[in-house]
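Please go over the structures that come below.
In what comes next, chain A is part of two complexes: it sits with chain B in the first one and with chain C in the second one.
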Partner chain A sequence: MIMKIKTYQLGKELDSFNYQQVQDAILAILENGDNVVLDMTACNYVSSTGLRVLLYSKKVAASKDLMLYLVGISEEVQDIMNVTGFDSFFDAFSTVEECLSAINN
Partner chain B sequence: MKLPQLLSIRESLASRISVWIVLTVVVILTGTAYVGNHYVMKSIKLEENVKAFNVLGVVGQHLKAALITVEVAVRNHMDDIRENVNNPDALYRITQRMLEDNPVIVGSAIAFRPNYFPEQGEWFSPYSYREANTIKTKQLGSAEYDYLKMDWYQTTDSLKHDYWSEPYFDKGGGEMLMITYCYPLTDEHGNMTAVVTADILLDYITEFLDIDYFNHAYACMVSRKGTFISQTEEGIDLEDNFFELAKESGHPELIEVAQEMMDGKSGMKEWKSPVLGDSYIFFMPLQHMGWSTAIVCEASELFKNYYRSALVLLVLFICMLVLLSLLLRRSVHRLIAPLTKFTQAADEVARGNLQAILPTIHSKDEMHRLHQSFSIMQRSLVSQMEELKQVNAAKGRIEGELKAAKDIQLSMLPKAYVPTKESKNLDIYGFQLTAHEVGGDFYDYLVCGEKLFFCIGDVSGKGVPAALVMAKTITQFRNVVRYEDDLKIITESINKTTCDGNETAMFVTFFVGVVDLHTGRLQSCNAGHNKPLIVNNSAADSSAWVFEELPDKPNLPLGVMEDTSYVVHEKDLPIGATLFLYTDGLTEAINAERELFGLDRVKEHLKGGKSCKVLIEEMTQAVNQFVGEAPLHDDLTLLALKIE
Partner chain C sequence: MHRVDLFPTHEYQGLKLRQGRPYPFGATVVGNMVNFSVYSRYATDCTLVLFHNREEKPFVEIPFFKEFRLGNVFSMIVFDLDYENIEYGFRMDGPFQPQEGHRFDKSKILLDPYAKLIVGRDVWGKQPNWDSIYPYRARVVFDDFDWENDLPLETPVNDLIVYEMHVRNFTCGAAAGVKHRGTFAGISEKIPYLLELGVNCVELMPVHEFDEFENSRISPVDGRQLYNLWGYSNVGFFAPKAAYASSGKFSMQVDELKTLVKRLHANGIEVILDVVFNHTAEGNEQGPYISYRGIDNKTYYMLTPDGYYFNFSGCGNTLNCNNPNVRDMIVESLRYWVTDYHIDGFRFDLAAILGRDQNGNPMSNPPLLESLAHDPILGKTKLIAEAWDAGGLYQVGSFPSWGRWAEWNGKFRDSIRRFLKSDPEVLADVKERIIGSPDLYASQGRGIKASVNFVTAHDGFTLMDLVSYNNKHNEANGEENRDGENHNNSWNCGCEGETNDPNINRLRHQQVKNAISLLMVSQGIPMVLSGDEMGNSQLGNNNAYCQDNEIAWLDWNNLEKNADIFCFFKRIIKFRRLHKVLRYEDHLRHRDYRNLGYPDFSWHGVKAWQPESGYNNLTAAFMLNGQYADDNGLPDDFIYVAMNMHWEMHGFELPQLPQKCAWHIFANTGMVAPEDIFEPGEEPILDNQHEVLVGPRSIIILVGRG
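For the complex of A and B:
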């Protein structure tokens, strides 16, 4: 079975100013029955509200038997993930291609 | 117009409207008057032309009649003259009778050709003339009065028929300005034997020009050669020639008139006379004589009556305008009077009286619509003010509630630490600053026997939602540590509660620790929180400070996964070392230049072995200075503890 995948690109930041917009977009993809590849290459800051969006999206995805993959996590964001221990909770890849090939295999 | 009046025009709509209407009327009427004037002038000119021609025609008729009586008188005596042509004495009587029969004739001669009567010599011309009411007779021809060389004689001789001479001064004869009717006397062979003449004075002809025309008009009569026969204007010599005068004057109009008169035409010309100014010349030929007559008339004279009527009209027009402007001002003023009242009402509304009374409008026009709009505005203002009051009240209520919530939240945090018998070697101090009224940060500590339990946490997000989760977590911590001292169980228990019904995936980064106040043994569990720092003197150099982060690897935050297994770390907290706990509001405090406060600055302020209270107060001050005017964007929570 071929997995249905949609890629969503994050902006420079994920914080309390834009979290609602990002959350709505990701939920819309999941609602459609697609797996989400979240391209975070451009993103260099994720606030605690932003982390909550990732967590919530992951939980919604799990409830639908779908996956949320994080791709291209920057050093700054990786620090945040390490501090909170979230790094062990999410499936992460360094590029979109790597992610897609990993999924298909 | 005075200045105040000018200002009132600028500020008064009524004045402006009436000024505009009056100006429009002035422009329209002036235009109409201009066009009307053109046509009236044109028709007056035509009329005056006809009138002048009538006058000149009458002059011509009268003159012709008078001259014909002279011609008839001469012709009537011709048979008599022929019968007595060989009786010179009888000829004297005939000339005398000619004068007796016709009072117009002032002199009459029968001028014979040279040597007709050899015994009379070369010249023979019996001549009768008037002198002091009597008729005298004499022989006129002589070497001094050589009529044979005179115009009238020679012209008659060459024309072979009768004609009227040009005006001339009869020097040695009548001694007057005159014209002469000449009739040739012929013998049976058709040869001219004599010229019979009848003289009339130019003064006599002038009487015919004494016409009833305008006061300043003058008339003249010129012969076919242009000599003035008669004229009514002083300053022109009767012997002058009109055509030559015209040429000398250099006025093209006058030259044209002279030419047309000479050609026997009639007409009218405008002429700018040096004496009269703008004038009109009407001219007409006298067919019988081949002469021409003319009337010169001042333009102002011609249009005198018209100008008088126009002046009356102008005065009426101005009076009407004044009346119109007064009436307009009054009526417009009345029409727009409600505007003033609307203005007053608007001012009153602006001052806060929303129920200001509007003027009553009976009409159904724009004023009525203004009234409607105004009423709608008033009603809408009233309802909006009411709404605003309610919104303000609601806002005040929410603010009040938030204030109360803040107080409640603050009361959840531990009060200032008072050392007990068991914990007199403990120094601990906590501090919290929220970005909003309420926040998601918290810290807590309590001493149970010889053990100190402490924690610090940060709920994801801010404001009221975070505050609710914070309250739940801190309460759970308090409850659990009362009966449980195993950190793993404590943390997993709080995590379960947090995960319970956590639909919105709120999570809490949380650090919990317990330290034995006697041994300094420290157990800690980090659920995704910023790693606390242990600050201590360097063993090698007492002025150097070493920092150690706790622990290497954090667990997942609370509320993420219900069945997370939390790992507890253990280590010794050296005597005198400070354990410093903080939330990300410290390291991520941002100044106006978008710089982060950062861990390096934090470490700098941790040095020096200060008491926990001083340490935290200095740290807070440093952050406040760093942030400056920029608003605090996240909650800031600090906790420091030290075992002496």
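For the complex of A and C:
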């Protein structure tokens, strides 16, 4: 079976100013029964609220037997995710292509 | 079903409000609302001051309307705040009458005493804006950390091996080899090291928010900036030190510390916090307004009849711990750290103060200590008292315990140190310390688990300095060497400070091994000072509270330089963890009460079964009978320890073992590595089963097994 996947691109930052918009967009994809590949290549800052959006989305996905993958995490963001423990909840890939090929295999 | 109280009733400058809930105090997020609540018995008026993040001027100041007050509590709900972009404080109005104990000043913006996230000192050593109208700022916390299955570990107290450490000192050194030096994340990176060492509990020196610039000055010796490195000076009792988090600049210290606890727990390591409830960073009459002084001075501080600050802490003021409201705050704080951070235990700095009444007099049944001993949430939390204070109260052995409190056993430290330097007056006392200090703890039924044993702690010399210096060398602290303990019971082994003399250096290593041996074979909870396992030196500074530099930072190069010491520590810690007979919970009986052929514990001298035989109170031996310490039906081994603190060699006659058992040698501190200690379980059998020669200033540990 081929997985239904939608890619969503984050902007430069994910924080309390734009979290609602991002949250709504991800939830809409999940509502539609699609898995999410979150392309974070452009993103260099995720705030505390932003981390919670990611984890909440992941948990909503899991409750629907769907996946949420993170792609292209910058070193700054990876650092924040690591020291705050959020990285342990996610499957992450360097590029969208790498992620898709891993999923398809 | 929807709640009917989700609608605002008031509006102020465009913000929607309604009456708040008085409890809990502090700021609490509920959906799109934040509930602010603050207690002050004597304030006449209160204003909530809101800032956008890092902005110098507030964007709104909301008065607490009359209908927002209940009793002595001001509480208000504010709707639709962008809580991640809010900093809040209070202004309090009320009398300024210092002689009556009141110091209200509504020109000051005050930190919430229940603030759970404090910003303003986010990056260690970064100069703040000294003119800020509100330097330490409270933020709202979203307390939804995902702990998964984690909980406090509840390791039996008697199984603990405590490692006392400082967040910065542990990994600030250039050779630490971590990415996030001097932070909670840095400790996370060193978990494999802690596992290799074998400790199962870290005791973190204060991690509550404090000001590293407090009393900051320049060292007269080397011109370096001195900081309040240790942090025994609280700004807030609910918030972690931001600058201890590598993510502090993003205000994520809460998540970073919780992640550290979760990772330590996943590796079987408990976390004890050193907590300082005896005073605050507000100092005396000349000190700054941060919070308590302006919120409700008379409630929070112990005051003399004419309104001055009592100074039982030696730090300018004394928290009024047995005022019922302050007591509640302390209990709330501890519950919060256990509930929200999964902390396993607390070590209370200058805990004797917690037993003083509001006039400073010691009480026989201090209500705060009793509350903590019986608290439901703290029911399995380790409670450890530093059972003295700076006002002269010394309660080692008599700290009110209700069967729950353990103590830092200062007498263990003093006696063992004196014995190590061949003091012939101390053997009787040393014997009490080795068997878990029954003279201090047996009569009250507190058991061995009441005694936290240590030879070194953050206060005083490191272990390597204890054997390298006769006198403290604290000139770099800028107090003309007046600060720090004068009675160290130390001995430099023949030369003050570092030396190239191989005989002196060899003896120092031997003395370090003697000290850790005595600590690990004694009954009670052993506590190791971080860095001692690699022979860390502070160059004779025995009070390095202000040395945020390589004096206090661990030098990880020592791991290689003193590899024999590290190996000795690892093996003797492992030995203790393997042998239940070293970790009794209750005191020994010195009798064969189960008719097993040998008593549970017996003293010996240079002649077996004759404890009085020996040389000038500098020799002694003991034997533990492992049959009394069975683990799920499997008896432990016999353990025999011979101690010779004389400067001459002595032969010790060995007690005869049951048939099919033989003595094996685990450690001999008189030998150089690798003959000084063996891998536990792989100890070679002794050629001579009847006598062992114990060299000058040496300890031999034998295992008797089949």
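Criterion: the second predicted complex is superposed on the first by the 105 of 105 C-alpha atoms of A that agree within 3 Å, B and C clash if a C-alpha of one lies under 4 Å from a C-alpha of the other, contacts with A are read in each partner's own complex, and residues count from 1 in each chain.
Keep in mind that, in the parts below, a residue touches a chain if its C-beta (ideal position, glycine included) is under 8 Å from a C-beta of that chain, and two chains touch if they have at least 3 such contacts.
Note that the coordinates shown come from a computational prediction; the quantities given were computed from them, not determined experimentally.
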item	value
First, second, both or neither for A:79, with chain B first and chain C second	second
Touched partner set for A:55, first chain B, second chain C, both or neither	both
Partner chain in contact with A:89 - chain B first, chain C second, else both or neither	both
Touching both chain C and chain B, counted on chain A across the two superposed complexes	16, 47-49, 51-52, 55, 82-86, 89
Contact set on chain C toward chain A in their complex	82-85, 142, 144, 146, 179-180, 183-185, 188, 245-247, 250-252, 255-256, 258-259, 262-263
Chain A - residues contacting chain C, complex	15-17, 45, 47-49, 51-52, 55, 79-80, 82-86, 89
In the complex, chain B residues that touch chain A	458-462, 504-507, 509, 526-531, 553-557, 560-561, 584, 634
Touch list for chain A against partner chain B, complex	16, 47-49, 51-52, 55-56, 59, 82-86, 88-89
